[in-house]
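Encoded as structure tokens, here's the structure I'll be asking about.
Going in written order, the chains are labelled A, B and C, and every chain counts its residues from 1.
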Amino acid sequence: MPGGELHDVFDGIEAQVPEGLAEHLRTAALIDHHVHGTFSEDIDRSTFEFSINEGSNDPVPPWMTNFDSPLGLSIRRWCAPLLGLPARADAEDYWKRRCEFGADELATTMVRAAGVTHWIVDTGFKGDQITTHQRLAELAAGHSSEIVRLERVAEDLLDGGTSPEDYPAAMRAALASAAADPTVVGTKTIVAYRTGFDIDWTRPADADVVDRARALAARPGSARIDDPVLISFGVHEAAAHGLPIQVHVGFGDRDLDLHRCDPLLLLPLLRAMPPVPVLLLHCYPFHRQAGYLAQAFDHVNFDVGLSINYLGTRSSGLVAEALEVAPFAKQLYSSDAFGPPELHVLGSVLWRRAMGVVLGDWIRSGDCAEADAIRIVDMIGAANAQRVYGI
Amino acid sequence: MPGGELHDVFDGIEAQVPEGLAEHLRTAALIDHHVHGTFSEDIDRSTFEFSINEGSNDPVPPWMTNFDSPLGLSIRRWCAPLLGLPARADAEDYWKRRCEFGADELATTMVRAAGVTHWIVDTGFKGDQITTHQRLAELAAGHSSEIVRLERVAEDLLDGGTSPEDYPAAMRAALASAAADPTVVGTKTIVAYRTGFDIDWTRPADADVVDRARALAARPGSARIDDPVLISFGVHEAAAHGLPIQVHVGFGDRDLDLHRCDPLLLLPLLRAMPPVPVLLLHCYPFHRQAGYLAQAFDHVNFDVGLSINYLGTRSSGLVAEALEVAPFAKQLYSSDAFGPPELHVLGSVLWRRAMGVVLGDWIRSGDCAEADAIRIVDMIGAANAQRVYGI
Amino acid sequence: MPGGELHDVFDGIEAQVPEGLAEHLRTAALIDHHVHGTFSEDIDRSTFEFSINEGSNDPVPPWMTNFDSPLGLSIRRWCAPLLGLPARADAEDYWKRRCEFGADELATTMVRAAGVTHWIVDTGFKGDQITTHQRLAELAAGHSSEIVRLERVAEDLLDGGTSPEDYPAAMRAALASAAADPTVVGTKTIVAYRTGFDIDWTRPADADVVDRARALAARPGSARIDDPVLISFGVHEAAAHGLPIQVHVGFGDRDLDLHRCDPLLLLPLLRAMPPVPVLLLHCYPFHRQAGYLAQAFDHVNFDVGLSINYLGTRSSGLVAEALEVAPFAKQLYSSDAFGPPELHVLGSVLWRRAMGVVLGDWIRSGDCAEADAIRIVDMIGAANAQRVYGI
């Protein structure tokens, strides 16, 4: 199936982005420091609609389509040409054309256009539906590393027969093994989805952990780590093993209590923990709070991934707000793409475009030199991730 | 008294709004889905000043005037020409000229300039000072529907002699009657002003409702529904009767605890209730949170009415932020005007202008087609309200 | 050491700011209503880096420099020419050149370029490292007044031997004396750093104050007012003496719990206190909430000082958001500069520039007249401070 080409990411706004910066942003090699695989099988329209709405857990109602959203507009604008259609093709035309591509062909076409050379992949969620990190790297002709989910590691141990008494040692052994694995560059916690951030972040004693594991084991069904002590234990142990810790913050599906995922509620943890890198992910609508924390703590970093995709053309405003108080050494690029490979390429296109708009404005108004802007792009696009994850 | 004409809503920013979109926005017929009447009598300066400050409950102090605010500037800019004065006439000239008009003449001049064909009117507040919904429709040469306030319905029942024991059934009968009345298209709760959103949203048992009604009846004076169980009962019963529910969210006068009106605190209700349409009103400064909820729940919709008027020229930024994550099918237009008819026309002028600025930018940068922008205008301006309220 | 000249504050954005407004903003005499002294001695690089990061309490790590931040870019852009360097000089060149100046010479060069005629100085913090308010006025060739910190006054009394029993009367005497001192124009509370705003704001009885003072006196070491009753006592007494009260709100170092410094949490105090002027300082990222309170309460005013410096070129967006709902009579200018005199001049430069951008846009789009914009500048830049502090 013949695909097409990505349009110039500064199409329509050429006058806003000074040429040297534009040229650099068009080709800069990115590290996507938080991403998932692409769908490994063909999907139907209903799955696609579901996959371009972050918040909902329902099928899209008959009286609307998620193409009628900022993300939907961006898919039509940027991904249609990749499938050989005109930019801003109708939703129906887009969907029809998309169905002519197989899952792998689609993934290859899209992810290669992202200009990402290294994908740091969170492998802890719905792994059966999406490609492995190795396969993503293959499709993208790039490199990959792995992020292990702390709650998933814990659940696998308990479901695998580890006794409550053995659990603390087994968790430590698993993290030591992760720390020794050159493929694994960090961990992630989804405490946002399990308890919210307003829990007691004191490092728990092993005896308390065993008690909680015992209570969990007494519940029917497979293990689900939703006990604050067990979550806190995982985070503190990851830190003790020197592993970077990604934290889902803010914007996510409606299972979480968004107001309990304000990153400021992590202050007790951030103050008390060893200074391993903490990566606040997504953060919308608390991205200003995240930037504040990244300024206040040497070990705290953040991104506005996921939100960039969902805000579509409005992501320029978000990227501008993310460049308010944090030092440039403390912000990273990510797409948080999961499933449709449109998300893998859009994250990159929209970020490059937004950085061009925002930094272009800074240059044109004389507030920074073009060389400064290019350096900021390189820090956020790759260098900070290299430092944080040691890659 | 000869009035004047509304200036072109894109005056001064013609180059920012592509002509097809501009032409459409100039004439698109709007549904104002949340509005109140206009003052039925002439008012004095002090009442006018008070009426153009949403937050305060005091007379304006002698050392200032509310004309010196974003809303004041917008009144001088857009309403002065409607009174036959030059745009940006002085505050004193504006006031002097305004006094030459009678209340009806003023209302006719202003509300007809709004380009609103259907007014959905909240009739539950200070009904003696403002026009009825029928009279507003007459002044505007348009149509109207009614929104009944749940707390007002409840208070009227109790003040009218309904016994606590009969109250649950009486409330159900009143809501059944509202649901059957073709004039009534929905309900509204002002829980924001009574308890804040952080209450127990479990659907209460009738016995509990009777107990609380009894406690209320034992208090001297007329009934004031400020008991969380009674409020929750009203909301759940409205939902059970299939009635759309408007919720005052965020920006309002200082009687409310603004931080307890963050719409995220409604999550327990939104998750548990039957999926009748919920309309989050105003929402500033929590409009990003409201947009998130509108994405996450099929039955949740929102607007940024009221705030648009108060932000004046800055409403373009607000409208832009309101177009961040919610699908376009989930946002509605409203003015929330109450009292001075300036607010009825300004809501419309500022919204049209802001949509022109924001969507015009999207078109000029290639991020959407002009036809898409026009469709978005029609969805938010009228079609979504038609779907939600069945009009 | 020959310095240089401040570049035109509208350099690079001349076309955005109508000439009459630009000319006025270039020369308008400001009152900096919340500021501290400049460093009285030469400082090393590490102290400088530390002093241009508000949130952190650590030395800057070796892998980064705070020059790589919005504030750092603004220092290079605006302060380099004041030292005779080209705009946007390299960080290393800037530092090298800066070291050739003595502390006084540096201070004189910088603070005189701010165009501030009156400095209202908070003298309650690290007074040994920075100039007194009189010395700042001398260096700046301007005037100064003093703000006394309530917690500092209280601690000085207790450390000076005042008994718990005598403490209420002694505090009242100290405040009466402050109120009678023509140099002192107001007070400040740092409740943000001691308890957060979510405390009981009921005016405490003297007996309770004595009890708490007794408990405090029983603790070893010098007094630290972190008891909510003692803090509330100080605030209520300041109000009873008719003294304006500045409140640190939002953005500050990581010792505070930022989410507990949301100004909305002050509602119980604002509703109950006598209406002496309250000045909400800094406010980021809660500046919209602060603007709301300034609209809702006649006695509440606010600024976005401190944040303007830290946001650098992005401060235009912040200033725009600060001009959303509050009447123009309720906002003030401040820099909150402390230490490096770069902060004293930058606060002024960035505010003038941001006001030019925002109000220039309002004028160009016809939303206000140039004379209105100039009046808004004068209100926020000086007149409101004159009214509030009686100077």
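Throughout what follows, a residue touches a chain if its C-beta (ideal position, glycine included) is under 8 Å from a C-beta of that chain, and two chains touch if they have at least 3 such contacts.
Because the structure is predicted, anything quoted here is derived from the model rather than measured.
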Message: Graph shape for the chains shown, where an edge means the two chains touch. Line, ring, star, complete, or other?
response: complete
- request: Would you kindly state whether over half or under half of the residue numbers at the chain A/chain B interface are used by both copies, giving same or different?
  value: different
- request: State the superposition rotation angle between the two copies chain A and chain C, fitting on C-alpha atoms only and giving a multiple of 5 degrees from 0 to 180.
  value: 120
Message: Can you work out the whole-Å distance between the CA centroids of chain A and chain B?
response: 37
Query: Touching two or more other chains, which residues of chain C qualify?
result: none
- prompt: What residues on chain C touch chain A, complex-wise?
  reply: 11-13, 53-56, 58, 61, 63-64, 66, 68-70, 72-74, 77, 87-88, 251, 253-254, 257-259, 284-285, 307, 310-314, 317-318
Statement: Per the touch rule above, chain A residues touching chain C in the complex are 262, 264-265, 267, 271, 288-289, 292-293, 295-298, 320-321, 323-330, 362, 364-369, 372, 375-376, 379, 387
